[in-house]
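Should a chain be cited, it is by its letter among A, B, C, D and E, assigned in written order, with residues numbered from 1 in that chain.
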């Protein structure tokens, strides 16, 4: 660990272990996880169900306590980082509050963090623009399609100044076409804001299309089996997915996945 | 529309049955009266009729059928008797400009209602406070909840006179003792519903707030409270009906001076079945109105919160 | 004054002990889960005892727990007679009749949308009739013995069970019903294999609410006429004799019986709806 | 003015006419008293209210008051406006009952709440068991109306001459369909509707003085009510907030009540007391009092009041 | 319509229309749908959300009544076919009954159709073998992973002798590896049993990999925009997906989809 990496590193995990105590005995969700995420990285986590992707994201966000090893975020503990409101977290389902309209949903973190009314208005308009939802501020979540809801929840995570955006299968429930579209937009947004993004997905093309770094995980116990740095350029049109490099990386990811998968389908 | 037709149909069937039921229920009394008035009754003598089947008596004495619907103190008053009594003690009173006289059900309804509302307010407040405590404190959850269930197995009517006497002795009189009994009955559904409601946010919604580093207080107002609203209203509807019963129970031992409970008791005391039935219906109508009112408030609140789809 | 101070002390001590237990490492064990409410109850009793002694509350207003325990012991045979009359004969039989009738009615209503629409609002209205009004009427109709008590209980438990069962029978998801369609299942096949099991959690909700209603209903009905035995009878006559210790002994029996009854139904629920998310854990 | 709270043992009715008249006619005011009349009801035990400090004086039937005394609540009879008992059993004639011996095998409605003792001691005097069966009577705890008789759920029920009996007649039953047994006639009468206060309070001269004035005004009310029964009934009716009482019923009750209060000037006749006590001590297996009470009455108040 | 096609056709839809009456007015879910499915076909339906895929499957299974046009199944109305228990239907979520363990869930249709106890046992064992769930018969649904649940629900649909298997996004909730594996197995099963399969999916590779015929649909109102007959052989190893034919068909499907999609993401 030289000084150079530490200054650039946003997340540093060393020999991380996490064991859940359950009624059926302990479950090892993470074993010996080592990972460095640098500022501005777009890191995807891929792996079969139950391999610990969500758990790792939650550890980063201080929603879960590791039982062994170390992890720092911006040089401090995840919990300190949480208190400094370093995270925007996007959950698999949109998790919008049904009793608040879109604008007030996006205001929620701003209210809690004590932004002024004027500032709140300004930011809501900004992020709504960003996710192309201007004009829908007065609608309630259930009046929007699944894709729009998911965009609203991303807007909510963007509204305050978190450097780190953690997204847990944000597009899992959407159909392929909508998904493609949101992927494109997400990339643009990332390019514009230069946030550090942690992204969980089940889809190989999605992971390859979005990431600068793909973390392949395998279950029982959850561990990292491969970390693939993507050579794709930052500018990525949708049809980059038909390019040989893309197919090559996708192939490597699939192989990595299959190796870790075993036969417990 | 469909519902209205269905309800009306069911109601007319019930009323038809009700009229029919008056025959066997009242026949013995009617025959005894008729016999006293000199009519020919088969068989003669109330004692002989005591163990005979009511249906047989109706068949043997069909001249008495009309009278079973017009008795003074029937075992089962006919629907129109109840309706007439209800009208006499409500609408007719209003027309006479004596809406708040002692013989008006509006007066008695109001007496009961005021205790109900006060008790409901106390019970709801207490219920919500307890629920908040239970949700936020494990100790309260583990120790209070089982005893709250036990509390509901205690027959309140047995305690009511004692509660009233104890409150007397500390100088509390009037509406408050009744309200406390009604609060005792209404707090439980509120606690149960509110605990459920305050716990209804899923782990994800709670985690979201954690990522914002929201305080307990902020979490309560921004998430738990709004999420609990639908549950709250459901239990409020149960609670207000329970409150009304509590207020009525509370009226019985306090001298049954006024209120629907006093009407029930007075009716029972003097064998005025028609009066009992009309007070019963008045209470049920009052309960229905209160529940409907809560329904309207619920719809309004949830709509303003954007929660009614 | 010393006693009152002591009472405050006991209260704080009990709370502190519970706080330690509940937030401690063993808080999920069965023992602690039983211990905490037990400690709470014992604390309550102690505080009651100390306050009654300390403030010299007259026995005819509020007897102390020890007085009540003494009365309980001295009148065991009376209490058990009363229990049989009120709980076994009145409450239980009414409970069984009321719940079964409600259940059958719910099936009828489930088969006919028209009846459901018509009967539910009317049913809700009837359920709002206060028991203190219906009880004297039912005593007049069904006589002084337990039959009228059972009738009161039937009226009280009928609607909670009905409403819950009707709701439960409609609880199946469209997908589950469609599955039965693709099998071309008959009404009764889909009833027994799908709707009934899916409804059970709701049915038990109604059954649980009804346990406490049943006991309270049977006791209250005895206030309006009874033979010379029964828990409600004993309570009302004992108040007149200022035998408050006896009154409370009956209340203890009621609370024990009610809680036990509730517990048994809750256990049945656990056994039969083990699969429901609320029971899994 | 001095405050006095009077706890009745039943709802507002002509049974308590004397007090309402005294209030309405200002007799209490003349004695510089500010009297509040608290109606009772089912399940309100006046001695309990007294013990809790919710009232200063109460009306009570002597069996109940003596039972309270034995239970450790020392109440004292300070005046006895009712000379004779209005309690009786009313039976259907067609049941064949002509004398207490015919009760065997019959069903009888009795008021409990401490009022069952005169009945129990009567039955034990007659040697009739109260546990049902062929040779005993089946006892029902009677509610507060006469339905059990009218519906023939009971062969006999307890009635008061001034109230329930009238209700039976009101229901259309003629007197010759009925057989009645007055407790007075059976020699098992107990004193009804006495005025009681707590022994401890009576030690206070100021309280004593208040009671003297209270009893004096109350007796004045009673004598006025006896003399003007119809006006008294109207006063009662005016004070009934429940609106359940009827004019005719209260009129008749007042005239019957007048017969019971007639022989009394308010002062307790010790002979009546002794008779009540001996009746109660003769009770069945579960007696209301176990020994002759001491100091359960005083003439101190009436002596001063009736000077 | 000559006699030859009719004898071979399992499903014949002619000018099918379906309009739902909703509170917001009528919704045209299907318009003028024409389709013939032959015995032994594996037909995939693909299209954006709300285009009527599920609706069409439900019409075939007589779970929905068309409001216009005609449809026959095995030469009779769908409802007659339903009464003859011609369908096995697999829903998107597994739809297992939580109060029955896996074996008893699979027995459910057998009980209803009146199979003997012995026969029930036999078939349960057979299909459990088929979907590789032997040993799990005593477990309850919630004790299994999503993939296992989905396989159990497929087993349930296979346990009785329905000629037509209708599957509505059966693998929608599963991760890619598990999905690949189940796809392979499904193909094998289809080859072995020669059932006619209707299959709804959101995934282009899945549709191409599995089908003999791909039906591309588009929404508002739901109609068929393209029917692509697959030239791929019946025998399909997983890496056929890297073959040019495969990519070619996938491309055609994607184009068809995009054309119908509009911009209502």
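One rule holds in what follows: a contact is a pair of C-beta atoms (placed from the backbone, for glycine too) under 8 Å apart; a residue touches a chain by one contact, two chains touch by 3 or more.
This structure is a prediction, so every number in the text was calculated from the model and none was measured.
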Along touching chains only, what is the step distance from chain D to chain E? 2
Under the document's definition of touching, what chains do chain A and chain D have as common neighbours? B
Starting at chain C, find the fewest moves between touching chains needed to arrive at chain D. 1
Mapping chain A onto chain E via their CA atoms needs a rotation, nearest 5 degrees, of 175
Can you name the chain whose C-alpha mean lies closest to the mean of all the C-alpha atoms? C
Which pair wins on C-beta contacts, B-D or C-E? B-D
CA centroids of chain A and chain C: separation to the nearest Å works out as 50
Inter-chain centre distance, chain B versus chain E - centres from mean C-alpha coordinates, in Å: 54
Quick one: chain B and chain C, Cα centre-to-centre, how many Å? 18
Distance between chain A and chain B based on Cα centroids, please, to the nearest Å. 54
Which chain B residues sit where two or more other chains touch them? 75, 157, 161-162, 165-166, 169, 252, 268
Set of chain D residues in contact with two or more other chains: 42-43, 45, 48, 51-52, 143, 147, 151
Using the touch definition from the top, which residues of chain E touch two or more other chains? none
Chains touching one another, given as label pairs in label order: A-B, A-E, B-C, B-D, C-D, C-E
Can you list the chain B residues touching chain A in their complex? 204-205, 207-214, 218, 222-223, 226-227, 229, 302, 305-307, 309
Flag every residue of chain D that touches chain B in the complex, lowest number first. 8, 11-12, 38-45, 48-49, 51-55, 92, 94-95, 143-147, 150-152, 167, 171-174, 240-245, 249
Chain C partner contacts - residues on chain E that touch it in the complex: 58, 61-63, 82-85, 87-89, 91, 93, 95, 97-99, 108-109, 111-113, 140, 142
Quick check: in the complex, which residue numbers of chain B touch chain C? 2-3, 6-11, 14, 25, 75-76, 138-139, 141-147, 149-150, 152-159, 161-162, 165-166, 169, 241, 244-245, 248-249, 252, 260-261, 264, 268, 273, 276-277, 279-281, 283-284, 287-288, 291
Chain C-facing residues of chain D, complex: 42-43, 45, 47-48, 51-52, 64, 67-68, 71-73, 112-116, 130, 138-143, 147-148, 151, 153, 288
